[in-house]
Amino acid sequence: MITLGDYLIVSGILFAIGFAGVMLRRNLIIILMSLELMLNAANLSLVAFSRFRVSPAGLPNYNAQVFVFFIITVAAAEVAVGLAILVALFRARQTTDVKDISELKF
Amino acid sequence: MSYLELLKLASTEAVVVVTALVVLAIGLTTRREATGVTVATAQGDQNVGGSSSARTNAICSFIAALGLAIAIGTALMLPRKATLFSGMLVITPLTSLFKIICMALAFFAVLLTKSEKSLRHPGEYLAILLLATVGLMLLVSSEELLMIFIGLELLGLSLYVMVAFDKTDVRSAEAGLKYFLFGSTSSAFTLFGISLIYGMSGITSLAAISEKLATVSVQPLLAVGIVMTLIGFAFKIAAAPFHLWAPDAYQGAPIPSAAFIASGSKVASFVVLGKIVLVGFAPLHGDAAWHAMVAGWSPVLAALAALSILVGNFVALAQSNLRRLLAYSAVAHAGYTLIGLVAGDREGFSAALFYTTTYAITLVGAFGVVALVRRETAGDDFSNFSGLISRSPMLAGCMSIFMLSLAGIPPLAGFFGKFYLFSVALRADAGHGLLWLVAVALFGSLISLYYYLIVLKVIFVDEPSLAIASSPDHLSPDLLQRIAVAVLAAVVLFLGLMPDALAAGLLAAMP
Amino acid sequence: MSSILPWILLLAPLCSAACITLFALRWKALSSFISIMAVLLSFICSCLVFARADISAPQFGWIDVAGALKVPFGLTQDQLSKMMLVLVSGVGAVIHIYSLGYMRDDEGKSRYFGALSLFMFAMLGIVVANNFVMLFMFWELVGFTSYVLIGHWFYRDAAAAAAKKAFITTRIGDFGFMIGILMLWMATGSIVFAEITPRMSMLTSHPTFLTVVALLIFCGAVGKSAQFPLHVWLPDAMEGPTPISALIHAATMVAAGVYMLVRVAFVIQTSQTALLVIAWIGTITAVLAALIATQQNDIKRILAYSTLSQLGYMVMAVGLASNDASMFHLFTHAFFKALLFLAAGSVIVMLHHEQNIWKMGGLSQKLPITFVTFVAGALALIGCPPFSGFFSKDAILALAYQRNVPIFAVGLFTAFLTAFYVIRLLVIVFFGKPRSEVARESRESPAVMTGPLIVLALLATLGGFAFFARRFLALPIEKEVAVFVPAVAIVALILGSGLAIVLYRNRASEPLDLQLLRHKFYFDEFYRWLIYWTQELLAGVFAFFDRWIIDAGAVSGSGRGTLGIGALLRLIQIGNLQAYLFLFGLGIVALIYFAVFH
Amino acid sequence: MPPFLFWLFASLMLVFGAAVVLNRNPVASALSLVVSFLGLAALFMSLDAYFVGIIQVLVYAGAVMVLFLFIIMLLNLRAEEGRRINWLAATGGIVVALILVIQIFSVIGHFQAARQTFPSLERSTTDDVWNIGALLFSNYNLPFQIVGVLVLVATIGVVLLSKREPR
């Protein structure tokens, strides 16, 4: 049978993949996508916990699902703002590569 | 829970939101006129557009300041104690006090905005500033993880926009991007941490979590959850090694944004960080004593503190731009403040809050001076400050008060803050276990003296460079802003002489 | 008997400083007038306070954080502080008046007097503080105002550098001081002197703790009183105006360290180890400074090193557990050192700011009053009976003889050296032939400068006699050895003076050449080297770290060109986001490791 | 849900998640992202969270992916051709990510509850829209309204930042 641990491990791996993308990729759009992966990893573990902690009425713990609902909304807003900053930067610099974004330095 | 009651208890937030909407509306309507004029006269568009935007700026700033003043009034009338939705909105003397402090800091940021000429859309900017203030207030006043997360995100999104706001400067967008990437990565970590904590305790209200954790045995998974949750706050307070965005954001952002990040955002983050660790994770305190470390959050915070103090102070030595210098010193000061939380208990918390509040006031003032100097000399490198004493003795005097307070020279607020913090840390542990941390902090502040004195040397001793001396609009007195800076300097001095005024209030307001 | 006099004498200089900075910066005459009136008021109040047998000042609660930390704002009024009040305000008043003449044509006269008033306030604050927090606050304020005063001529690089050096060096000691205060507070739960004293018995079972606390507190004095190894700032502080040198060196800033040690003797004397360390630090400072002084050529620097040396004596006396001897020497030293500096200032001004002693000579005829007063001061300094210095130095040497013979031997040698370099100074400056144009054309100073000299000369001559000094402070009790010690001291004095006269009579240049001493044992060079290398090393490590990590993210070639500046920056590639994020991740992983797996 | 379906969807999600990170072409990455989220939505369904699963599909496949594609088209981005991979940085990043995975693995291994299966439910939760809605408008009323403010901030920010300004 599938245990809680299986879900948690899958979620952890997804989180790590997302984080690896943030660290490795130089393309800002892909970095943003990787961020989405990280947020959704958290969603997965929240939903797994929600299902795991059944309420006395015999239903999943809906608090966590509401949490997920909020996270999805916030994540969408965040990605929109991120992309807007990206567009603003692209207008100024003609690049989406993080390597070219280093005017501010020591 | 009726909406009326909710409105009553959240009246402060409501007033600020409404003000933000009004300011936004004014900003949108007045700009349309301006663009009409611009199309009509191609030649004079810079002038007309500029003056119109300056007028909009003045009106919007006035309304924003007024709204904040009203909101401060409503905050004073809040009930002494109330809890809504199992901790999502908590009203205690402490939260009311910090709501007021946050709004006061926002008030000064609004004043800074007034003279910022490069902002093309002052209405929108101020609206976002006010909404960010709402985020601060929610952070301060909630004791529930979901609400804290949403507060963090509201604050974060507003700040990302505020940092990237200045489109005339490419560095602004770059700073915004860096801030955004770090912010959203760390909030992803925080979220993952929260999900683990939820999984262990089955609940998101801090008080209930604390009860739950007291009965459960400590699991490594929970420790990972706590560390990941703390990362989001370590980012917000710019503790090393999560500080790398700070120098770029401080330097590239429009000055009011930078001042707001350094002050309001930091104060609120410390309040909520303190609540999380001292209320929510209280059973997992651990021990940060040098020889007897016990796992928990306090050794984690102690490590962050020590690293921040060392990195912040050493790297600050090498700076030649005042805003970057302030950023690195902010890293170091975040480290000092964390010491109070490491010490734990209410005294440690109140010492940390006292320190961070005085620090925020000092930094807003310093940024005020930077803004004025930048207006006159179009830059904020050290060379722009050289010989400030001969150009404006008042600004030079205020700046020296701010710098000396940051360096911890009595009788300024920074001195008492440090003294309070260190003494609490030393008393917290009967075996002087935190002595090592205090020693690191003292060593760090010894180093910091050097670069603060360099700033003073630049201001008082160096000859003003020629290009600046002959700058055309060098006489453009912005009286309001100068008064604001002077008031802040007076507050720093006052809090140094009469720290009781704030410290006793803080301690009394502690739960 | 409660009285507000102590408050008046403390606040008068503060009001003066505030008035000057706020309103009177433009009017030089007015600001000097305000400042002098304030210090005279302080002096008169001090005398009145001194004259009353029992006096106490109303006390205010200052900081009270819910019982956790309680700091009153109260004024100590015991014999010790009263004496210091009279001394500080008296010497301060003399120096204020003298400054009128010395700073007559200075551009920043108002600033000078404003800072001088603030300095007086801070110094009086140290004297009357009744708890550690107040003491520390005024202590730092003294440090800061001395920074302003030493750097008064800030446009001279040397002055700015000296000011910074003084500030930073004393701060190093202050950090130890602050930790000591915190530890003491932690152990006893109070920071008020009077409350700690009875609680010290609680701590006697922890001798190591007490020793550490005592030594940390002593660190403060090491910085402020310029003891070895933090002595380097004091000679450089000579870059300030001469009245400031007199003020800092005579009765105030440097004496503050000694005064503080005496004030907290109840802590220090609980640890024998700490006392021994203190005594030896004092001794080392005394002999080291005296050795260096023998090879200096700048009149003010010689006096500065003599100050160091005399401070060494005082600290030595503290270390030998005799507060009385220490304070007695502080008392006499205040007069003769102020006198020597002011007399030197008179010489310097009349020679158009010439400070090299080899450019002087034969001044005894040109500046007769200055000469006579200078001789009085010099004789007091070398401890020639019956001048004041004789009595106080003799008391310390007698003490050392009783308690620690090696220290006595070194002290005696220092007395010999003192006589040597002081007489050398006298001979070169005032006798022989004028060795420069300015020296030939000099004439006597105005009365506003010679007046204070005469007053101080009288005090320096008479200050040591028991009938005079006893009114002010408790004199150390002389024991039977009293015959032997003064005898050898006088022999050392005669030897030293004789050697100096033989060596330097009618010389036009330095006959000795001792590089080690001339370069002050290379302390400055050593510190500069040390600071340079630590700084370089640390900065290097951090820069390396940053560049290495960041370069690692940037070695790959660049395709498109972006901006002009970008091309240049790409060579260095700092500020690379990817590297930042990598560091971020490394931090997280390390933190989790630290918290969970450690 | 039978275990093999769980592993199928989980590996679908992880493989396409990795594809997001590894793809050179942003368009391909965006499409991989959608597939990955479809797998995630299926996992949500397997956990009886139907509403969240559907929202996931709607928001991500419907809105976020479109937004990504729109921006990619708008900026006319192509694959990063001609850019060599910086192996040092790549190894560093991968090592850190691997360490993170190992840490999570070992920590979950120590977690007792992780070895338990999910308790059974009293009844089917296909009507969980109603449950979540009721919670949203009662207990979670305040955050719900605040999220409205947050979306307002995002709207203002996006409009201002992405607008083309006259020089």
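Letters are used for the chains, namely A, B, C and D, taken in the order the chains are written, and counting of residues starts over at 1 for each.
Keep this in mind: contacts are C-beta pairs under 8 Å (C-beta built on N, C-alpha and C of every residue); 3 or more make two chains touch, one makes a residue touch a chain.
Computed from a predicted model, the values in this text were never measured in an experiment.
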Chain pair showing more contacts of the two, C-D and B-C
B-C
Mind checking the centre-to-centre distance between subunit C and subunit D? Centres are C-alpha means, answer in whole Å.
67
Rounded to the nearest whole Å, what is the centre-to-centre distance of subunit B and subunit C, using the mean of the C-alpha atoms as each centre?
40
Cα centroid separation between subunit A and subunit B, in whole Å?
26
Cα centre of subunit B to Cα centre of subunit D, whole Å, reads 31
So which bits of subunit C are touching at least two other chains?
553-554, 556, 563, 575, 577-578, 581-582, 584-586, 588, 592, 596-597
Please output the residue numbers of subunit D that touch at least 2 other chains, ranges allowed.
83, 89, 92-93, 96-97, 100, 103-104, 106-108, 111, 114, 139-140, 143, 147, 150, 153-154, 157, 161
Of all residues in subunit B, the ones touching two or more other chains
146, 150, 153, 157, 160-161, 164, 167, 170, 173, 176-178, 181, 185, 189, 220, 223-224, 248, 318
Based on the touch definition given at the start, go ahead and assign the chain network to line, ring, star, complete or other.
complete
Quick one: in the complex, what on subunit B touches subunit A?
146, 149-150, 153, 156-157, 160-161, 164, 167, 170-171, 173-178, 180-181, 184-185, 187-189, 191-192, 194-196, 198-199, 202-204, 247-248, 251-252, 318, 324
Contact footprint of subunit A on subunit D as seen in their complex
1, 3, 6, 10, 13-14, 17-18, 20-21, 23, 26, 29-30, 33, 36-37, 40, 43-44, 47-49, 51-52, 55-56, 59-60, 63-64, 67-68, 71-72, 74-75, 77, 80, 83, 89-90, 92-94, 96-98, 100-101, 104-105, 108-109, 111, 113-119, 121-123, 125, 128, 131-132, 135-136, 139-140, 143, 147, 150-151, 153-154, 157-158, 161-162, 164
Within the complex, which stretch of subunit A touches subunit D?
1-10, 12-21, 23-27, 29-30, 32-34, 36-37, 40, 43-44, 47-48, 50-52, 54, 57-60, 62-63, 65-66, 68-70, 72-81, 83-88, 90-91, 96-97
Please give the residue numbers of subunit C that touch subunit D in the complex, ascending.
552-557, 559, 578-579, 582, 585-586, 588-589, 592-593, 596-597
Taking the touch rule as given, give the residues of subunit D at its contact with subunit B in the complex, in rising order.
103-104, 106-108, 110-112, 114, 138-143, 146-147, 149-150, 152-154, 156-157, 160-161, 165
